[in-house]
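For reference, chains read A, B and C in written order, and residue numbers begin at 1 within each chain.
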Amino acid sequence: MSTLQIIACVKQVPASTEVKLNKETNTLIREGVEAIINPFDTYAIEEAVRLKQQHGGKVTALSMGIPSVAELLKQTVALGVDEAVLLSDRRFAGADSLATAWALAGGVRQTGAFDLVICGKQATDGDTAQVGPSLAEKLGIPHTTYVRSIEHVDEKLIRCIRLTDDGQETIEMTLPALITVVKDINVPRLPSIRGIRQAQSAPVKLLTADDVNADEKRIGLKGSPTQVVKTFIPAQTTESELFTGTPTEQAKQLVAKLVARRLVQEGEADGRD
Amino acid sequence: MAGISIAREKCTGCEQCVNACPFGQISIVDDIAMIAEGCTLCGACVEECGAQAIVLQRASVEAVDLAANQGIWVFAEQMDGQVRQVAFELLGEARRLATTLMVPVSAALLGFGCESAAQQLIACGADRVYVLDDPSLAHFNDETHVDVLAQLIEQHKPEIVLIGATTFGRSLAPRVASRLDTGLTADCTLLSIDRETGNLLQTRPAFGGNLMATIVCPNHRPQMATVRPRVMKALAPDPMRAGEIIHPAISVTPPRSTHVLAVDKSLGDSVNLTDAEIIVAAGKGIGSQANMALVHELAHVLCGIVGATRAVVDAGWTSYDHQIGQTGKTVAPKLYIACGISGAVQHLAGISSAEVIVAINKDPDAPIFQSAHYGIVGSVEQVLPALIAELRGITAKKTSIDSR
Amino acid sequence: MVGLISKFMKSEHWEYLRDESRSIGEADSISFPRTEEELEKIVKVLAAEQIPITVQGARTGLTGGAVPYGGHVINLSKMNRITGLRYDHGRFLLRVQPGILLVEVRKALENMQFDTTLWSQESVDALELLKQSGPQFFSPDPTEASASIGGMINCNASGARSYHYGPTRNHIESVKVLLTDGSSLSLVRGKHRTIDGQFRVASEAGNELSGTLPLYKMPDVKNASGYYLKPDMDLLDIFIGSEGTLGIVTEAELSLLPAPAAIWGVTVFLPNQDSALRFVRAVRGEQVDGIRQSDIQLPVAIEFFDARALELLRKEREHNAAFGQLQEIKSHYHTAVYVEFHGDNDMQATEWILSLGDLITSCGGDETDTWVAQNPRDMEKLQFFRHAIPESVNMLIDQRRNTEPFLTKLGTDMAVPDQHLTSMFELYDRRLAETGLEAVVFGHIGNNHVHVNILPRSLEDYQRGKELYLDWAQEAVSAGGTVSAEHGIGKLKTAFLAVMYGEEGLQKMREVKRLFDPKGLLSPGNMFSPVQQER
C-alpha cells in the first residue's frame, strides 16, 4: 500500500493542571509552572509514529503558539516525528477554538497532501475537546473522537474503535480523516539518546499568518466569536468539616452539603436513567 | 487590529494586573505594566485595572442581524428511542432562561423510531419538538447528525443551542459550531442572561476549577454551549403540558464518508473507576466482608462505582479491578466517599484529584480526615445505613411534592 | 495511664502485627504517643513492669523489624511533626519527630510549606532564609517513600541515589534518644564523640552516662548489618542502624542539600550481561579493557535489572492491566542498567547524555535502546518500571501461595567491594544454574549491591534457596562484603549476622545492647534471636 502522510496536532500547556491559590491574597500562584506538551497529544504523536513505522510515510507535528513552543516541538523529533511546524504570529493570539481551527487548517494545507490528522482528545488547560472536530470541519474531512484503537488503515479508509458513554463503536471513515485519541490507544514512548541526538539539529519550520494565507478576520482574537468577559475565583470550600451527633444527624448534615454542592440531586431516582 | 496595550500615562504600577493574569504574562518594569508575548488576550486583567490603563481592542465585527435568531434549543440526545437524562436537565435550564428572554423552548430530536419520546420532552419543558425520524439517524453518526442539526439550525435560527456534554455531544457540538462559524462554550456550569444585551452568559471552570470564566458570544448566532450531565436540574414531568411536534422539511441523506459498523454497549457494566464521577470506596476499616454490601448499596443509591484499597482487595473482599491507589491507578471523581479507609499515603495520592472527599471512619485520628472535605467519625455499620436512608429520603420527598 | 496504653485488639489493631516482610507477630498491648511526654510516661510504666517493647514507624521494613514478639507495641505514627529548622555553617537542618514519613518531608520541602505554629523564633527566621535560598532536599531515597524517618534512621536506609549521596547516616546531624531507664540523650554529630571507644554524656535530666564501646571490623562497603562501631566515632552513629534495640529516637535533625535543577534518568538496554557489567564499571570511572577511559561525570545512581527480571516484566505487562502503562520492553533488550544525572541545567544534562551514548556504543550497546527521562513526569515512568519488578515478584509469589501457602520469596541484600562485582555475578549465575532455582536479579549495582530474589515453586525449592542464600552470605563476607547492605537484619536475617561477625562479634553487640538497654526490653528478636519460624 502507499505510505501515510500523518499530521499530529500538539498544544503547549502548563505542566500543572491545577493552578494553586494563595489563600492569603486570593491570587493564583504561578511560580514554577513549566510548559509541556499537552499530555493527551503525546498519545497522538505516538500513534502517528507507530503508523508511520508500520506503513511508511511521514509524520508532521503541527502546533500554534508563541515562538518558544519550537523547543517543545523539537522534543517530538526525538520521538520519531519527521518535521515540526509551528504557526507563530501575533495575529494568531487570543484565538478561541474556532479561530484556532482556522489557523491549524491553514497549517495543515501548507504541509501538502495528507491522509490522517491525529489530535489528543482534549488539552489539559482548557478541557474543551473542541479543536479536533472543529478542525475537521474546516478541512472538510470526516472525524471520529475518543478513538481507543485503530483496527485498519489502507490508502482509502481507516477503521477505528471509539469509546462511547455506553461502550464502544467501530467506525469506518474515508481518508483523509481526523481522529482524536484517548489514553487507551497506546503507551507513549520515551525518547532514546539517539532521538535526542537527532533532535539537537532538527529545524522547526515557522509559519506566519501570511505563510498560510490566513484570513485575518478568521484568526486570533478577531476571528473568535467567544470572548471572556469575566474571570473570578470561585468560593473555596473551607477546611475539612466534621459532623457530629447521632449517625442519622450526621447523615442529614452530610446529605445537605452534598445537595448544596449539586453532587446529589433531589428527586433523582435510584440507579442511572 | 485586535490587540492589548497599556496606556502608559494611566498605569500606576499597582500590580493588580500582575496578580490577575492567569498566565503569568504581566510584569512591572519601571513602574509600568508590561505584557509578555505569551498573552492570550483573555482580558482577565482589563477589569482588574483600577486605573483603566489596559485596553483590549476587540475587532469590530461586521454587523450581524442578531434579532433574526430567536428561541432556545436543546439537542435531545437519545439512544434506541430513549432520551438521555441530560436532555431533560437542559430543558429545565432552558425554561429558566426562557422566562428572562420570553421566548419559546424547543427540542431537536434526531433518531429512528424515537417519535414517542417527543411527548416526554414536552412534559419536561419543550414548547416545540422538531422530530427527524430516519433510518440514517438510527445510530449516532457524526456526519449525518452534524448535517441534519446544522441544517435545522440554519432553517429555524434559534438564538441559543444547548447540547449535553456526553461523548456524542462533545463530538457533535464543535463540528456544528464550526460549520455555522459561531462560538461554542464547553462544559458550562452556570448559564444566565445578561439583561442589558440579552446575551447568554456562559460560566465554566478554568484551570482545574480554581478559576471560573464567564464567556459570551456577542456577535454570532446561535450562542452554543455544552453542559455536563447532572449539572442542571430537570423539571418534574408535567403530562398535561401542551406543545407542538414539528416534522421539518429536511432531506436526510445517508452518510458518505463515515460509517458506524458496530455498536457495543456491553462495557456499561465494567468497572471504570478512572472516569467515574462518584466513587464509594471501602478500606479494611469497614470491619468485615459482610459490610461490603452496605458499600455497594450506598454506591447504588448515588449511581456511583465501588472502589477499594489494596488491603481490601488483598483480603479477597472484592476483585482487583476495584483497587485504587496502587500501580498508577488514580481516580478523579466529583465525589469520593471513603468508608473505613485510614488514608495510607499511596491511597491518598491515588485520590488527590477528587473534587470532594468524604471520610467515614471510626478512628478520629485517621489521616484521611486531613484530606477530607467532610468527615463523619463513626462505624460503617451505623453511618452507612443512616446515609442510605437519608439519600433515599430526599428522593422520596421530591416525589411526594410532585404528586400533590 | 489509662488511655495511653490500650489492650491489643486483633480485630482493630491487626495491621500493627505485621510489616512489609509479610510476617505476623503478636502483642498484648499497644500505644500511639503524640508527644515526647506521653512516650516517656508509657516507657516508664512498661519498664517498671519489665514488658518488652517493639517500636514501630510506618512498617515498611522488609526484615520484620517492626513485627512484635509479644509484649507492647509503641507505634510512633502520631509523633509526626516537623518541629523546627536551623541554619548552621551553610547547611539547613530540619528537625522532625520520628513518625513523620519521608514523603511528607519531601512534600513540605517541595512546597516550602510548614506548620510553624509551635516553632521557635530561630526556626521561623531560618525558614525565611530557606525560602530565599532556593529548593533543598533530603537525599536518602528508599524505594518505599512512605517509610518513616524514625524507621529510616533505625535501619540506616538507603536507595538508588545513595550511590552518590550515601545512606541515611550521612544526613543525620543529631538525634534525641529515649532510653528504657527513662533518661533522654541529645546527641549531636561532632559534639558527642567516643575516644578510644570511651564515651561520657549527660542526659537531659543531668545524669551522666558513660561506658566503653567494643570494637570489631566492619566491612568497607555499603552496610546495614550490626551496630556501627569505630574506634573514634560520633555517639549518635551507634543508634543509627540499631534497629530499635538500643533506644527510641524521639527527634532527629535532617541535613538538607541544595536540590539539583536538572534531574535526568536513562534506562540503558545492553545486548548481554557481560556488556552491561562492563558498562557499569566504565560509567563509575573504572578502567575497563577495550573501553576508552571516559571522563563523564559520575551518575548519582546506577541500578541493574537482569535478563530474568526483564522477562518477568514482559510477561506481566502482557497479562496484567496494572502494568499496561509500562514502556514496551523489546525482545532484543537483554539486560538493563539505569543511571541518573543531577546537574545545574538541561544543557549540561544534554551533553552528559550524549557522551553516555558514546560510552554505550563502546560497551557494545546501541544508543537507540535507551529510555531517557528529562522531566519529573518521565522520571516517574522510569520509576514505575523499577518498582514494577519487586511488585511482579510479589504477585508471582502470591499466586504460588494459593497452592503452597508457606512459600515466600527469598530476597538477598548483600554487597561486596568493587573488585568482586564480576565474580559475585558469576557465582550467582553458576549456583542458580546448578540448583535450577528460578530467580530475578536487580538492584543497586553501583555499590555492588544487587538483590537476588529467589522465586521458589515448591517447598523443596524454598529449602534449597535458603541453603543457597547462606552459601552466598558466606561468600560475600569472605570477599569483604556484608550480609545486609540496606534492609537490616530484623528478625528474618539474624542467622546471617553470625556468619558475618562470628560469635565473638555477637558477644560485642550484646555488650553494646547491655550498655543502653540493660533489661533487654527494646525490640526483642531484632538482630539477636533465631530466625522466626515461617508460618
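Some observations on this one:
The criterion applied here is as follows: a contact is a pair of C-beta atoms (placed from the backbone, for glycine too) under 8 Å apart; a residue touches a chain by one contact, two chains touch by 3 or more.
These numbers were taken from a predicted model, which means no experiment stands behind them.
When every chain is reduced to the mean of its CA atoms, the largest separation from subunit C belongs to B. Set side by side, A-B and A-C show the greater C-beta contact count at A-B. Mean C-alpha positions place subunit B and subunit C at a centre distance of 47 Å.
Inter-chain spacing, taken between the CA centroids of subunit A and subunit B, is 18 Å. Centre-to-centre spacing of subunit A and subunit C amounts to 42 Å, using the average Cα coordinate of each chain. Contact with two or more other chains is made by no residue of subunit B.
Multi-chain contact residues of subunit C, defined as those touching 2 or more other chains: 325. By the touch rule above, subunit B contacts subunit A in their complex via residues 1-3, 19-20, 22-24, 37-44, 47, 58-59, 79, 82, 84-85, 139-140, 142-143, 146, 166-168, 170-175, 177-179, 181-187, 201, 205-220, 230-231, 233-234, 236, 256-268, 278, 300-303, 334-335, 356, 358, 369-378, 382-383, 385-387, 389-392, 394-395, 397-399, 402. Within the complex, the subunit C residues that touch subunit A are 266, 324-328, 350, 353-354, 356-357, 360, 366-375, 377-378, 381-382. Chain contact summary for the complex, subunit A toward subunit C: residues 15, 34, 36, 39, 187, 189-197, 200.
By the touch criterion given at the top, residues 284, 287, 311, 320-321, 326-329, 344-346, 365 of subunit B touch subunit C in their complex. Remark: subunit A residues 17-21, 25, 27-28, 30, 33, 66-67, 90-91, 93-94, 96-98, 101, 125-138, 141-146, 159, 162-174, 177, 216-217, 220-234, 237, 240-243, 246-248, 250-252, 254-255, 257-259, 261-273 touch subunit B in the complex.
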